[in-house]
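First chain A sits with chain B, and in the next complex the same chain sits with chain C.
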Partner chain A sequence: MMTNLFSSFDPTASFNMSLNWLSIFLGLFFIPPAYWLIPSRHLWLWYKIIITLHYEFKTLIGNEKKGSTLMMISLFSMIMFNNILGLCPYIFTSTSHLVMTLSLALPMWFSFMIYGWLNNSTHMFAHLVPQGTPNILMPFMVIIETISNIIRPGTLAIRLAANMIAGHLLMTLLGNTGPNLTLIVLNILLILQILLLILESAVAIIQSYVFAILSTLYSSEIH
Partner chain B sequence: MPQMAPMSWLILFFLFIVVFMLFNVLTYFSFIYPVKSFKKKKIDKKIYWKW
Partner chain C sequence: MAIGDYPAEYNAKVHGPYDPARFYGKPDTPFGQVRLGEIGSWLSRRNKHPSAVAGAISRGNMSIMKYAKRRSDLNCVGDYPAEYENSILAWWRWQHKYVQPKRAGIAPFFQLVTGAMVFFYVINYAKLSKHKNYKYH
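On to the complex of A and B.
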C-alpha cells in the first residue's frame, strides 16, 4: 500500500532490524567465483568489464600508484549491483538512501583529505587556486574551491541517492495510474514504463560509474 | 506501518563498510591466470599428401 510518496523507500522493520538492508549482499552472488583454472564465460565477461574499468581509472590515478583501482572497481560493482537489482520488483534499493551513499562517500573523502593535507599540504594549497586565475580573483577562487572541496562527499552521495529516488518515484507514480486508465492509454503507459525501465537501468550503471570515477578523480588530486 | 521508519545509521554504516570489504575481496580474487600462447609446430614439408 502506498500511503506516502516515499513509502516505497521505507525499510520495513522486523525484529527491530530492517531485514531488507540485506539486499546489499545480493550483488555478491552475481560476481562469478574464480575457483577454476579455466574461466567460465560469466567470469570472462566480468573480467573484461573489470579490466576496462581498471584502465579507465588508471589513466586518472597515474602509473606510480599500484593497486589503487581495486577499491574503485569494487565500489563501482557494489553500487551497480545495488542499483540494478533495486529496479527488480520487491528488491529494496539501498542506494536510494543517503545512509548508504554517505557512508561510502564520506569516509573516502575524509581519508583523502587527511592524507592530502598531512602529506602534500603544498599541493593541496596549490589546488585551491586553479592555473591561469587572474590576481584579483584569487581570494574568491580560494573560497570557492574550499567550499566545493568541502561539499564533495555531500554532492557525491546526494547525486546517487537522488537519481535512484527520482527513477523509482517516476515509475511508481506512472504505474499507480494504471487501474484508472482505458485500454488504449494503458498500452501507451506500458510502452512508456518499459522505456522508462530501460532508461533507469542505463542510469543505474551510469550513476555507479560516475560515483566511482569521481572518487577516483578526488583521490588523484591529493598527490 | 511505520512511515519514515527509523534507521540506525551507525549500525548500517558498519554494515556497508563490511559489505564493501567483501566486494573488495571478491574483486581482488576475480582474476584470470594469463595463458601462455603457444603455436603448434608445423611440419614444414614440401610434400603434403603424397604417399
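On to the complex of A and C.
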C-alpha cells in the first residue's frame, strides 16, 4: 500500500539518491550485439524491426536526408525499452515523468524550429496558412497554426507521460484492492490485471511509435 | 594501454581474430599445482588495471563456451584454448550461452528482466519495506 497515489513514480531510491533513473539505461542490455556473421534470432528480430521502421520513417522524411531515420529509430527503441521495462514490477518508468519526455521532445522541436526558420523562412511562413484557406480566415489560421506549432513539444511530452502514468495508476490502484477482496472477486481481478497488462504492453509500443512518428513528421515539415 | 585497446598480451599473428571472451595473458596455474613459496604471488597474480578488471568481468569460462559452441549451429572462430579464465560475472560466457546461439530462445530476456527487478527492488527496499506499516491509504 502507498501513502500517495503517485509513490510508485517516485524516482528516489534508498540512500537519498534518485537511483531509479538508472532504469533509463536498462534497455542497452536488451539490444542484441552482433557477434557472429550469421545473426542470432534476437538479432534477426531486431534487424527486422529496425528495417521496418526505417522504411516507415523514410517515406515520411523523403529521400534527401539519409541517415536521419537512425535518430528516430534510436528514439523509438529508447522509449520502447523504457516503457516496456517499466511495466515489470519494481522497475522505475522514467518515461512517466515530464522531465524525461520533455527533455526528449523540447530540444528536438527547438532544433527543427531553428533550422527551419533560419534556412527556409518563406516555407515556414507559408506553413502558417494551409492551402485552400478562405481569405477571411487567414489571420485566424496564422494564430491557430502558430499555437499548434508552439504546443507541439508539450503535447508530445505530455501524451507519452500521461499514457504511462494512466496505465500504471490503473494497475496499482486495482492491485491495491486485492487484500480486501473475496477469493472469487480476487480471481476476476487477477484476470483483469493480466488483460490490462497486455493492453499496457501494447500501449508501451504504440506510444513510443507515436512519439517517433510525430517527431519524424515535424522534422519533415521544415524543408 | 588506453581504453578500448586490445590487451597488451594479444598478438594478432599468434592468436588470430580478437575474441573478447578469451584471456590472452599467462595461463593460470591450478591451485593444486602451486608451491608453498609461490602462494603470495599466486594470490596477487591478477592484473588490477581498471581495463583488465573490466576484461575479467566480461570474460567467460571454457567449458561453457564449448557448451555454447555445441548449441549453436555455427563453428566458432578457432578453438578455445585452456587460457580461458573463470570470472565472476562473465558477460561473454552468458552471452555465448543464451544470447549469441543462432537458435537463442526468450530465456535471456527474462533473465535480464528478473535481474533488473531484483536490482530495483533492492535499491528501493528501504522505501518498500515501510509499505506494510501504513495505516491509512
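Convention: the second predicted complex is superposed on the first by the 217 of 223 C-alpha atoms of A that agree within 3 Å, B and C clash if a C-alpha of one lies under 4 Å from a C-alpha of the other, contacts with A are read in each partner's own complex, and residues count from 1 in each chain.
We adopt the following convention: a residue touches a chain if its C-beta (ideal position, glycine included) is under 8 Å from a C-beta of that chain, and two chains touch if they have at least 3 such contacts.
These numbers were taken from a predicted model, which means no experiment stands behind them.
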Partner chain(s) touched by A:Phe92 [first = chain B, second = chain C, both, neither]: second
First (chain B), second (chain C), both or neither touched by A:Pro32: both
First (chain B), second (chain C), both or neither touched by A:Ser77: first
Touching partner for A:Asn176 - first (chain B), second (chain C), both, neither: second
A:Arg41 touches, of chain B and chain C: first, second, both or neither? second
Touched partner set for A:Ile50, first chain B, second chain C, both or neither: first
Of chain B and chain C, the chain that contacts the larger number of chain A residues: B
Which of chain B and chain C A:Gln193 touches, first, second, both or neither: neither
Chain B versus chain C as contact partner of A:Met100, first or second or both or neither: first
Footprint overlap on chain A, where chain B in one structure and chain C in the other make contact: 1, 3, 10, 12-13, 32-33
Residues of chain B defined as touching chain A within the complex: 1-7, 9, 12-13, 15-17, 19-20, 22-24, 26-33
Contacting residues of chain A [partner chain C, same complex]: 1-3, 10, 12-15, 19-20, 23, 26, 29-30, 32-33, 35-36, 38, 40-42, 85, 88-92, 176
Of chain C, residues touching chain A in the complex: 72, 74, 95, 99-105, 108-109, 112-113, 116-117, 120-121, 123-128, 131-132, 134, 137
Chain A residues touching chain B - in the complex, by the definition given at the top: 1, 3-4, 6-7, 10-13, 18, 21, 24-25, 27-28, 31-34, 37, 39, 43-44, 46-47, 50, 70-71, 73-75, 77-78, 97, 99-100, 103-104, 107
